[in-house]
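Across the two complexes that follow, subunit A remains constant while its partner is subunit B and subsequently subunit C.
The block that comes next holds the complex of A and B.
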């Protein structure tokens, strides 16, 4: 038998090359460097190439790291749950009750927040939530305030919702709108009341989209620096704040790398588990 | 007969300015197999959906067993439906799909499980009970949908073109399954279809609909032999329609010839009548029979042992003749051949309007 030599498809490679080069230079390269850096040492504020586990040992054995880790995990989880729950009724309305026209306008308005930088929006919220801000001015006038909102977990959570909510509503609306309406009718037809249908039929049918929306919320809020810093007052610190603090104080880049790697691993595990669950087929 | 099971009382349904159903009045008898038939957009599915509560009538009242359904929510009605798309829940397996209605009625787990399995067994798909519905074949999915609708033992079952997605040979088989089920259970089946063969094969009575109105209600035989209007005669398809004027002798003059019909008509009246394709006789020489006319053979079409011959009579009149292939021996059948056609006066049915 003659073996056929396959000619490399230069055309296909040429088109892929820019992406591969870009990703290699600016994503894979730095990522590998960061992993390597986590084994470096810092002496006299200067980094030295080394292969030492001291950074890992130091970070992972300290309570302040694990406190920040679980605090960040908790905040991201809470933001995910709150966002999903707040978004669902709105998405349900847009997908099932609203007219085609209203739905189009609503999606348009949900995209508008992305016109301005997230940072700018958070500064705006600083003004709104401040001790002498708009809300507290109103509350004081009614004799109900002022309330400390800025530099609290509440502030952080407001920021996370600003970040996640529009995206969650868009993703949920699309997945709910794709549901075959006849299945909803079939549920009613078989004696399933309206509210019960939402939980027994609509949610299982939209499962994939709902989970994808939740995963986005988790990823965005878990890694966010802006909200916990500017609205949450960075106390206690989240992991992203810890990275900034560690790298600034004492030039401890290797230790910051350890924190970053821990975050990446956590996000990968959460995302893969959730997506796996979202696309899981029933056993045959 | 006692109070009919379902009464449509002056029911009108409008979608915006479009009148999908125009003032419908009819009854569905207990235990009958009623088929709604008509071209798409005639309002047959809307009628069925109003019965299930998936659409609200704009005007009028629908009564089930003597009670008005107007204020009864869809999920409070006991009018299960089988969808054209089947609408099986993809996240449940076959048994869980069948159990759904029982679960909603609060039946406990072991009881509803047993009942669901009984029904799947009864429909011959017991072995697939734990299978994912998407892994089943069209015919099997069909049976799951039927079991899901029937498991709650309703008085009435609604079917919305349930066989239209199946292969031809499966359709025949499922027709057998449906008629057998209906007889055994003795419940009312309301069946919507655009297929004449499905409706005529299964239904006790057929409702022919056109543009939101009932064109005719009757047995398949009634509709075929004595169509109420030109629309019905044309829709049924296997009829020849002649139109003409009554002459002084009381006969009807048409472009195809002059015909003697049973029944009275005044000279000068315009008359349309139908002659079924299977009552027209053929011969090479002029027969000694009434109502003879000549026509030119255009083409022929075989369906099993039956053959349908398409003729053109004078005045562009299309004539269909349906006969057993065997009975055509000795009759030349080249296209362009002119033959003598005839029918008995008693076989002509005069159309009203």
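The block that comes next holds the complex of A and C.
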């Protein structure tokens, strides 16, 4: 495996440096700069270096910020729960009922959308969900509708599902497939009902993976601005939309930075709480 | 058990529906792109290639396509090089601060793109480096390097740890061993990584939108058309974009899977 070298030679350093330099300059650098930027001032549409708390004061004292904050938190939590629940039966099927071959193909196909234009997929949903779109046209044949789906929270949720579902199914399937199947059989043999087995044996055993999948759903939907904007109609705006609006119009990058830092802090807290919970030993 | 069989079918049907949901937009945009209606619905309108003609006679689209091509290929090369070196460092060495190194290597995809976009815009503007094609390449490399590292690290996992020492014993230097043993062994994953990172860069819109200024890539053009009104041109452009990124991702996956099947081959 890994060889311990007493003194790092040029060869070893040469392979370590590219990542450190590049991510230091263009990942850590920008993020630290953003923190500094939140204390800058904007005068005549130009940013000036300063150390003022006015941006923080201005944003954090406003109701519209906190409204957007809790609304975004709510949407992301809802998306996490919905995605996890929608994904679970499919992951359960792929992990326990499908053949090895089918499972591999399913994962193969689920990876494709994760790496293909989210924007175009959301546009397609915009057309499908529209007032005169495919779904409402279908409903009208049944004598139902039309239902307003675009520019509602429902629309936003469809978008988040588009974003998170493939990844959620992949991660859940992996964690379920790794369960020791004998434990599940043992539960059956001892007369444990099917649903009860799922909730008292399967879910606790796969807890870590299921929570990791949920955390990814939360991160993805908390930061996404496309679904709440193009499917949710930006009514009301989320934090991500607020970043776009504040920085694109008016050049208020420092205020946008305040919003961004609040988002990062929230994500860190949620992620670490959830991961801590995921790895907590079972028992009293 | 009969009960068991029924459950199996219900779950299979459910899974099929999940897949339908996941792939519906891709199919829809393909169908709509050949449909004459401006606001597609059922029943479908007549067959047309107008949207393609319209989209492809737009010089802005060609301009953006060329830029996307340049950005994604240059990004793929740099990101793969960085990803390779990081993966190799992780595979071969234990060193002080390795945990921090790995965090640095894998963290970028967990930061929301919109935040990275803002941070990158501020940072690059400080050096008067925003609004350039190069700015997009720099930012996309940050996003893509972790994927490159993951793909190549997986392949290195399959390399016999005695392979390198064997070459050294036969008198090859570390650099020569790298060139004639490690790189050939990891070649499938290097190509897979090039394809995958190119696909990620080709589809990325948030960061590109913030840092590109007037140098728009294809997803940025799509984003701007979307902000206007429902325009079926997007379906035509989108179908072309899907075709490119799906091809790249599938090539990457096939390479990863095929090399996973025969871990012995060097």
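Here is the rule we go by: the second predicted complex is superposed on the first by the 271 of 284 C-alpha atoms of A that agree within 3 Å, B and C clash if a C-alpha of one lies under 4 Å from a C-alpha of the other, contacts with A are read in each partner's own complex, and residues count from 1 in each chain.
Rule of thumb we're sticking to: a residue touches a chain if its C-beta (ideal position, glycine included) is under 8 Å from a C-beta of that chain, and two chains touch if they have at least 3 such contacts.
As the structure is a prediction and not an experimental result, all values here were calculated from the model.
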I'd like to know which partner A:125 touches here: subunit B for first, subunit C for second, both or neither. second
Can A:201 be said to touch subunit B (first), subunit C (second), both, or neither? first
Contacts of A:176 with subunit B and subunit C, given as first, second, both or neither: neither
Partner chain in contact with A:164 - subunit B first, subunit C second, else both or neither: neither
Which chain, subunit B or subunit C, ends up touching more residues of subunit A in the combined arrangement? C
Once the shared chain is lined up, is A:89 touching subunit B (first), subunit C (second), both, or neither of them? second
So, does A:149 touch the first partner subunit B, the second partner subunit C, both, or neither? neither
With the two complexes superposed on chain A, say which partner A:75 touches: subunit B (first), subunit C (second), both, or neither. neither
Between subunit B and subunit C, whom does A:213 touch in the aligned arrangement: first, second, both, or neither? neither
Overlapping contact positions on subunit A, where the subunit C interface meets the subunit B interface: 194
Residues of subunit A touching subunit C in their complex? 1-5, 8, 11-12, 14-20, 22-24, 26-31, 33-34, 37, 47, 86-87, 89-90, 92-94, 97-98, 104, 106, 108-113, 115-128, 130, 132-134, 136-138, 161-162, 165-166, 169, 194, 219, 222-225, 230, 240, 243-244, 247, 253, 256-257, 260, 263-264, 267, 271
Residue ranges of subunit A touching subunit B (in the complex, touch as defined): 180, 182-183, 185-194, 196-197, 201, 204-205, 207, 281-282, 284
Using the touch definition from the top, list the residues of subunit C that touch subunit A in their complex. 7-8, 11-12, 14-15, 18-19, 21-26, 28-29, 32, 39-42, 78, 81-82, 85-86, 88-89, 91-95, 101, 104-105, 107-108, 110-116, 118-126, 138-139, 141-142, 145, 149, 161, 174-175, 196, 199-200, 203, 205-206, 210, 219, 222-223, 226, 230, 234-235, 237-238, 241-242, 245-246, 248-250, 253, 257
Which positions of subunit B touch subunit A when the two form their complex? 52-54, 73-76, 78-81, 83, 85, 87, 89-91, 93, 100-101, 104-105, 131-132, 135, 148-149, 152
